[in-house]
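Should a chain be cited, it is by its letter among A, B, C and D, assigned in written order, with residues numbered from 1 in that chain.
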Amino acid sequence: MKDVQSQPDHRNIDIKKVGIKGIKYPVNVLDRANQVQATVASVNMYVHLPHEFKGTHMSRFVEVLNEYCGNLNLKAFFEMLEAVKTTLHARSANLEISFPYFISKKAPVSGVASLMEYTCEYRGEINGDEHKLLVCVKVPVCTLCPCSKEISSQGAHNQRGRVSVTLFFKEFFWIEEIIEIVESSASSDVYALLKREDEKYITEHAYNRPMFVEDVVREVTEKLSKDARFTWFSVEAENFESIHNHSAYAYTEVASRP
Amino acid sequence: MKDVQSQPDHRNIDIKKVGIKGIKYPVNVLDRANQVQATVASVNMYVHLPHEFKGTHMSRFVEVLNEYCGNLNLKAFFEMLEAVKTTLHARSANLEISFPYFISKKAPVSGVASLMEYTCEYRGEINGDEHKLLVCVKVPVCTLCPCSKEISSQGAHNQRGRVSVTLFFKEFFWIEEIIEIVESSASSDVYALLKREDEKYITEHAYNRPMFVEDVVREVTEKLSKDARFTWFSVEAENFESIHNHSAYAYTEVASRP
Amino acid sequence: MKDVQSQPDHRNIDIKKVGIKGIKYPVNVLDRANQVQATVASVNMYVHLPHEFKGTHMSRFVEVLNEYCGNLNLKAFFEMLEAVKTTLHARSANLEISFPYFISKKAPVSGVASLMEYTCEYRGEINGDEHKLLVCVKVPVCTLCPCSKEISSQGAHNQRGRVSVTLFFKEFFWIEEIIEIVESSASSDVYALLKREDEKYITEHAYNRPMFVEDVVREVTEKLSKDARFTWFSVEAENFESIHNHSAYAYTEVASRP
Amino acid sequence: MKDVQSQPDHRNIDIKKVGIKGIKYPVNVLDRANQVQATVASVNMYVHLPHEFKGTHMSRFVEVLNEYCGNLNLKAFFEMLEAVKTTLHARSANLEISFPYFISKKAPVSGVASLMEYTCEYRGEINGDEHKLLVCVKVPVCTLCPCSKEISSQGAHNQRGRVSVTLFFKEFFWIEEIIEIVESSASSDVYALLKREDEKYITEHAYNRPMFVEDVVREVTEKLSKDARFTWFSVEAENFESIHNHSAYAYTEVASRP
């Protein structure tokens, strides 16, 4: 059977990324508390295609995914990225996986446990000898508006927000560490299960920690800046405003320090 | 050219609904304040297919849509539904359109105006001589938790919510009337544009009107029950909880009264 | 601390469903090939609320979910539904869970295996002594247009489609059985991983089995009608048309037979 | 009333972008055929916030939007970006709007007209005296697989795809020009309304123009490279594969030329 993809192409145009996008696959990821966690990932896999070839071989991406989905810690993710590049005979390769990640969390007063859902992403690129690895964590939080509190005789509007942290790093860290930093930088963290005493605690706690999206971004930035493991990071906070039908949003990034 | 769709089918199976789904089209709808409003609709159009025919003629749906999109008030919607049935020689026809609808709204204290977005849906069915027409309106609101207020020394968690009202009716009404009923039945309505004096007003107003999803559903139900134009309706309230990563939800419906 | 939810309500309005919506939770479900499969579900849990009480107790839903998420086969789903009703002291309860479900599938010629993703939903209601249990399975397929094939000198447009089957049943069945019925009723099934010889096979196979959405719905209906385990079912087919930017759609349902 | 946002902040952290996200607003945009087109946009508006201030003034963004939504051609978009920067007293400002855009299109043989939906985005940044303006257009197309055609005795799998082109430019161009370039670079363009003779034409036309995502990206790149108005562009093609449940994807970009 003819290998159409390997035929020559004469348009003289390299393609930076070609591959498969949005494939859902069950994966096992590293879990600080339980060693391993089974979840479902959405995966993108791309390689560079030199100008002389007509197409890439899409089925090989899934073969690589098949091989690595059973154990996708950061180290294995990196090996998988290498495997994509090697298997496809490519100059560069990109790999992106995104998955819900669950942590058992105790309510602040009652101590009842439930599972909180966070979203994690790994995004890797290998280009010749160079490689980059980004980790992104999305954390739901509660924010209470400082302006609303200040100007109102009682109460203050508050809402669910989502904080996204994206990091380059030079040393290992746990996703759980980033989550702790974010949750300690909002008006309150959020939970799947709260008893009445917890709801009282969270309401009062949030009222005493009013924060704009700007404040959340700055708090997280301040904490991450002190951690030498992270060579670059961005912090994004989005409030699903309770008094508007749109979001308040803040973003900053801190470039690599020596 | 052979008309494959009109060929006979021998499996002896009627199809209740066949047609096109999810086509986006610019439409003009009726606007209480400005007579007409230009918006973009997502449209589904179906007919019954008798067991003896292999397929329906999909292109005719879009021809009917072309004809009616310039003026889609409720009366024209009904004529369009008739036109679908007639053009497709069908026993029954279904038509569903959903669109963002904007109303100019003044902030409660400053009076500054901005446009609030609501979602409207018309869903019609014509079956022989019978016809049904449902209108659905989705209204964003703010809700403040009565329990949180009661048990906490200060503050109360609140959040954006969305209330959906679906109605059968025997007399004309304005979408704006339903929106007013819903907005007066939550802790506060929400706005695109608020100045500081408005934010103070809304914060205090919501704090003085704590409401569960249950309360919102009951308030709206009580008001709609008094209006003889509505022969059946459902009310659904969903809170995008500020202390959880999931929603609180309530739904009820009131069956036709004489 | 005051129990606000248990306070009396004087509006005299029952609420048909109140509870939590859209909570994501890791669950284990029954798997024909491997006994158990770890996946991530989106869960809705509701109860009836009598007119005399102000609110329901949202935290109890998550407590029930915590207890059952480790083993959610159909029997346990039913027990969980009972537990919701009992724990909330309710007259009726509703439980809906939706999750991606993976099956290892061999390519038709090369035999290489990969994991295909399907979507499953269980929807249960218990009302006094009555209970209902619906299972819904969504299956991606490939459909090739009979009209396009017939009228064209070469080729035929084809596209990805999705078939949704929803069933009431009186005897146990495997999700895998429904998937097999659907996949044998389209122009071709789809795969995560195909080698060139498989692609040739599928292309030719689909070309020899042209099917409208109407045909897919009828094929599935015909097969399910012969299975006495299913007392009611609906079949829905949607084609993400390759020559349009909208879908072709067909739906039918078959009512309970003796 | 205290202006909390204007209070000093001592954390010494600049915020690159702060503002409102995801507000839906009706806008009028420039239309080559009809001068003006009414549509509904999703809008993001951000400014830089210097480290010495606690927060930005969110309401001013909506005031600017109110002023410009009636006429949002590219020139007005640029003025609006300036107005955001000036009104918020900011060093830099970002403005992003995304909207469905409709073009009346004639079927290739019958000549019947219908409205095709495309997605357009403008993304602008003004930073001191520098400004950048990106336009992005998303075009649905049909692609037919060259490998499938080559290896199969009959037929070839094809599917809906979406091509996204993003451009920096130094001279005015029409969105319609980009759409024409993309539509002439796929196996076939797609339509809202086709009669049987059109379906025959498109089926045969696509069969005679088999194209991988790689080919589509290269065709569009080749054409855009010859147009001196575009100083940088990227081209992205995604196929919603008819034989898989995931996408095939290709991306490239061409950097500024003298």
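Everything below uses one rule, namely that a contact is a pair of C-beta atoms (placed from the backbone, for glycine too) under 8 Å apart; a residue touches a chain by one contact, two chains touch by 3 or more.
Just so it is clear, the model here is predicted, and its values are computed rather than measured.
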| item | value |
| --- | --- |
| Chain pair with the higher count of C-beta pairs in contact (A-B, B-D) | A-B |
| Maximum centroid distance from chain D, chain identifier (CA atoms) | C |
| Whole-Å separation of chain centres (CA-atom averages), chain A against chain B | 35 |
| CA centroid of chain B to CA centroid of chain D, Å | 29 |
| Where chain A touches two or more other chains, by residue | 1, 23-24, 117, 147, 151, 192, 194, 196, 200, 244-246 |
| Interfacial residue positions of chain B with respect to chain C in the complex | 1-2, 4-5, 9, 11, 13-24, 44, 46, 49, 54-56, 58, 146-147, 150-151, 212-215, 217-219, 221-222, 238, 244-253 |
| In the complex with chain D, residue positions of chain C that touch it | 116-117, 140, 142, 144-145, 147-149, 151-160, 188, 190-192, 194, 196, 199-200, 202-204, 206-208, 240-246 |
| Chain C contact footprint on chain A (complex, rising order) | 1, 3, 23-26, 37-40, 59, 62-63, 66, 69, 100, 102, 112-115, 117, 192-197, 200 |
